[in-house]
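In what follows, structures are represented as structure tokens.
Each of the two complexes below includes chain A, the first together with chain B, the second together with chain C.
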Partner chain A sequence: MSKTLFEKIWDSHIVVNEDGRSLLYVDRHLIHEVTSPQAFEGLRLNARKVRRPDLTFATMDHNVPTSDRTLPILDQTSSVQIKALERNCKEFGITLFDIHSPNQGIVHVIGPELGITLPGTTIVCGDSHTSTHGAFGSLAFGIGTSDVEHVLATQCIMMEKPKTFEIKIQGKRKNPHAVTAKDIILSIIRKIGTAGGTGTVIEYRGDTISELTMEQRMTICNMSIEAGARAGLIAPDEKTYQYLKGRKYTPNNYDELVNDWRDNLKTDSGAKFDKSFTLSAENIAPQVSWGTNPAMTDDVTGSVPFPDEYGKGNPEEVKGATKALQYMDLKPGTPIIDIVIDRVFIGSCTNARLEDLIEASKVVKGKKVASKVRAMVVPGSQLVKKNAEEMGLDKIFKDAGFEWRESGCSMCLGMNPDILAAGERCASTSNRNFEGRQGSGGRTHLVSPVMAAAAAINGHFVDVRELDLN
Partner chain B sequence: MEPFKKIKSIVTPLDKVNVDTDQIVPKQFLKLIQRTGFGQYLFYDWRYEQGGIPKTDFILNDPEYKNSKILLARDNFGCGSSREHAVWALDDFGFKAIISTSFADIFYNNCFKNGILPIRVSDEILQKLFSTKSEIEVDLEDQTIMVNNTPVSFDIEPHWKKILLEGLDDIAMTLQHASQITKYERSHKI
Partner chain C sequence: MKGSVIKYERDNIDTDVILPGPYLKIHDYAELAKHAMEGLDKDFHKRVKPGDFIVAGKNFGCGSSREHAPIALSYSGVKAVLALSFARIFYRNAVDGAFLLPIEIDESAYHDISDGDSLEVDISKNEIKNLTKNKVYKMKPFPELIGKIIEAGGLFNYKP
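== the complex of A and B ==
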């Protein structure tokens, strides 16, 4: 019988079926400091062990400071959480990339770069952006803390089988340096909505996807959760196999595995999806979010919409857009390029990999950050930071007036000291523009790294298609 | 986990679509390492002015709803971050059931893991509930909501119903399959 890629991975991980659900084996479990302490506490209270510490990897990313790491952590509550992760990993025998490790970084950046993420495997993590790993053809789910405890104790997860959702993206982008993977995924969310993928696993397909690099594919899969999906997948190909070759945790029998993956890890022709959506990439423009969820987004050439026009007759959506504009302090009809910004954040598991920094640096090189703007670059991992520094990118950013930081989640969610002040407006390469996400009262506009860099230089949004990025 | 049977209460109407978990419990309160005590942070930025003064126009600050155990929400409730702290906060505040037209997947799952019943109803029923001031009764065994003496039925996955009704520990349930897990591990390559 013809099967989708998702169905193949799902079926090959079933330990047992029960009551309409499946107990799925988890190949890799990633842990971080914020959603794990209560899970370890649960294990201790019930005298349970971690079943497979060898398949479990931990790092600290959400609340770590991105300033000088030789200094003590000033925030006592963050420090307690970081120490708890150290203690838990030691007690249960789990590999930890701590704050001083050369492999520390955002959990979804380090998984692939260390070769922990592998095609055809199942991965879970107590973080919704676990969907990122789907770029490698890995079935990767974000889970809550109770499920983290469940996976620690059993190395399995009990789930109802999600539906399948095919998103086909076809055609050539006219200017792929200006219209990025971020613009593709924001366009998709804008069209299908933040609940468009609820209950499904998305498989991204089509020639546009095949042409993307691995890092760009990660940006797409990363934001699957912003469309409400359980996971996002892209079938692995030669780019995938090349990317993972020779990494720290890539298995010794890698070539043998690749042969097997080449034969099996694809959706069979004739396989049926429960849902399908097609998007042409040819006319996608750089995207800028104007509201308080990622579907509230428009082309850079557009204007802030009128709530009635946005809601298209749905009173709840009209109300939502009205409240969003109030919160964002934006007037309907304002051209997007007239929106003036105070801060720029280039970072997060969506857009803080080496390519993102290279692309952004092209915009910044030889220029200066606008006088009223404070801009920062937070590399996704220590390895990204090191590679970027070897290429001299840190110097380009610092010369332009950007702050160059240590790796972590930073201002994507503002659990560390990197936050917006109330009323500040930020061009951000992160994934969520929710109220208060980057700091209570802060206003977030989601954009690509090149759009964020251009906004930093100009002090407002600009259409990066007008710049020479080649 | 406490078994869930029936609850009777007035409903707290939260009239907003796409409520994300960043709103339910903002990030500055995710640094605690225990599961308890999150109720005070529920909807913090909507509930309090800067400096901690309650906002009088926010529904949770209305004394009329002080003892409500049922939250009425709109489409796509609990979207965004996987933080289970959102459910711990709702639970600690006193909500035992949430009724909406739809929930985000991870949030929906997290509710059951903590003994909270998320109920999906049609638009029409939700509208009716938004306009009722009287107490309603949720009966999980019968899968009904009693509104003004009229029963409305709802669907729920049989496994979640069983887990809630009996207050089961799902880790203990999975560990009953330990031999199958071991067998799977032996035959699995990666």
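== the complex of A and C ==
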């Protein structure tokens, strides 16, 4: 019988199956300081061990400061969480990349970078952006803390089988340096909505996806959760196998595994998806979000919408857009390029890998950040930071007036000191423009790294297709 | 289960407004509860009473996987959220620790129920009685796994 890639991975991990409810084996469990403390506490209370500490990897990313790490952590509650993770990993025998490790970083950046993420595997993590790992053909689910505890104790997760959703993206982008993977995924969410993928695993397919680099594919899969999906998947190919070769945790029998993956890890021709959506990449423009969820996005050449037009007669949508514009302090009809910004954040598990920084640096090189703008770059991991510094990218950003920080989640979710003040407007390469996400009263515009960089230099959004990015 | 309604006529109520990021460092659940819904309604903590129900629109709980979101609502006294639909991680988190019931309702019930109405929820009959308006609505039955976890009283009590 023809199967989708999702069905193949799902079926090969079933431990117990009962009427569509499955106990699935988990190949890799990634943990961080924020969603794990109660899970470890639960283990202790019940005198349980971690079933497979060798398949469990930890780092600290959500609340770590991105300033000088030789200094003590001033926020006491963050410090307590960080110390708890150190203690828990030590007690339960789990590998930890701590704040001083050269491998520390955002959990979804370091998984692939260290070769922990592998095609055909199941990965879980107490973080919704676990979908990122799907870029490698890994079935990766974000889970809550009870499930984290369950996986620590049993190395299994109990789930109902999600539906399958094919998203096909075809055609060549006219200017791939200006129209990035971020613009593709924002376009998709804009079309299918924030609940368009609810209860499904999305498989991204088509020639546009094949052409993307691994880092770009990660940006796409990362935001699957913003469309409500349980996971996002891209079938592995030669780029995938090349990327993972020779990394720290890449298995010794890698070539053998690749041969097997080549034969098996793809959707069979004739396999049926529960749902399908097709998008042409040819006419995608650079995207800028204007509202308070990722679907509230428009082309950079567009304008802030009138709620009535945006809602197309649906009163709930009209109300939603009206409230969003109120929060964002934007007037309908304002051209997107006239929106003036105060802050720029280049970072997060969506867009803080080396290529993102390279692309942004092209815009910044030899220029200065606009006088009223405060801009920062937060590399996704210590390895990304080191590689970028070896290329001299830190100097390009610092010379232009950007702050160059240590790695972590930082201003994506406002858990550490990197936050927006109330009323501040930010061009951000992160994934969520929810109210208060980057700081209470802060206003977020989701954009690509090149758009964020261009906004930093110009003080407002610009059509980055007009820049020389080659 | 009886209680009164706090209604938010809004879709996409995300976990960042249900429990803003800075509070994810709090481990004391009673303290977490003080910040429930703070991103959307600063008075929620003063307004909510034990046994209350939240009624909301589509895609409730979208965003992050933080279990702190259902925990904060639960420790505020909220027994159930009645919404047009739920984001899936929140939906599961709500029942895993037996924090609250995520109940899907249809458009007519959603529009009919007003802030302050008294409701009686009976999940054995998939029924919601509006005691204020003297009406009865159907709730969508729970999917099998969710129903079984609820029945067991949480994930760790559930034996497949």
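Assume the second predicted complex is superposed on the first by the 468 of 470 C-alpha atoms of A that agree within 3 Å, B and C clash if a C-alpha of one lies under 4 Å from a C-alpha of the other, contacts with A are read in each partner's own complex, and residues count from 1 in each chain.
Keep this in mind: a residue touches a chain if its C-beta (ideal position, glycine included) is under 8 Å from a C-beta of that chain, and two chains touch if they have at least 3 such contacts.
Everything numeric in this text was worked out from a predicted model, so none of it was measured.
Engineer: Mind checking chain B and chain C on superposed chain A, clash or fit?
Structural biologist: Once both complexes are aligned on chain A, chain B and chain C clash.
Engineer: Have a look at where A:A58 lands relative to chain B and chain C in the superposition and call it first, second, both or neither.
Structural biologist: In the superposition, A:A58 touches no partner, neither chain B nor chain C.
Engineer: Return first, second, both or neither, reflecting whether A:G228 touches chain B, chain C, both chains, or no partner chain.
Structural biologist: Both partners, chain B and chain C.
Engineer: Let me test your reading of the model: by the given contact rule, A:R48 touches which partner, first (chain B), second (chain C), both or neither?
Structural biologist: first
Engineer: One more residue to check, A:T121. First (chain B), second (chain C), both or neither?
Structural biologist: Once the two structures are laid over each other on A, A:T121 reaches chain B alone.
Engineer: Just chain B (first), just chain C (second), both, or neither: which does A:D147 touch?
Structural biologist: In the superposition, A:D147 contacts both chain B and chain C.
Engineer: Of the partners chain B and chain C, which touch A:P251 in the superposed model: first, second, both, neither?
Structural biologist: After superposing on A, A:P251 lies in contact with chain B but is clear of chain C.
Engineer: After the superposition on A, what does A:E160 contact: first (chain B), second (chain C), both or neither?
Structural biologist: Both partners.
Engineer: Name the residues of chain A shared by its contacts with chain B and its contacts with chain C.
Structural biologist: Residues 16, 18-21, 23, 34-35, 37-38, 62-63, 75, 77-78, 80-81, 126-128, 142-147, 149-150, 158, 160, 194-195, 198-199, 225, 228, 230, 293, 316-317, 319-320, 323, 413-415, 432, 434-437, 440, which sit in both footprints.
Engineer: Over in the complex, which chain C residues touch chain A? Could you list them?
Structural biologist: On the chain C side, the touching residues are 9-12, 14, 16-17, 20-22, 24-27, 39-40, 57-59, 62-67, 85, 87-89, 92-93, 96-97, 143-146, 148, 154-156, 158, 160.
Engineer: Can you name the residues of chain B that touch chain A in the complex?
Structural biologist: Residues 15-18, 20, 22-23, 26-28, 30-35, 45, 50, 74-76, 79-84, 87, 102, 104-106, 109-110, 113-114, 157-159, 162, 170-171, 174-175, 177, 180-181, 184-185, 188-190 of chain B touch chain A in their complex.
Engineer: Over in the complex, which chain A residues touch chain C? Could you list them?
Structural biologist: Touch list, chain A to chain C: 16, 18-21, 23, 34-35, 37-38, 42, 62-63, 75, 77-78, 80-81, 126-128, 130, 142-147, 149-150, 158-160, 194-195, 198-199, 225, 228, 230, 293, 316-317, 319-320, 323, 413-415, 419, 432, 434-437, 440.
Engineer: Give the list of chain A residues in touch with chain B in this complex.
Structural biologist: Result: residues 15-16, 18-21, 23, 25, 27, 34-35, 37-38, 41, 46, 48, 51, 62-63, 75, 77-78, 80-81, 84, 118, 120-121, 126-128, 142-147, 149-150, 153-156, 158, 160, 162, 194-195, 198-199, 225-226, 228, 230, 251, 257, 293, 316-317, 319-320, 323, 413-415, 422, 432, 434-437, 440 of chain A touch chain B.
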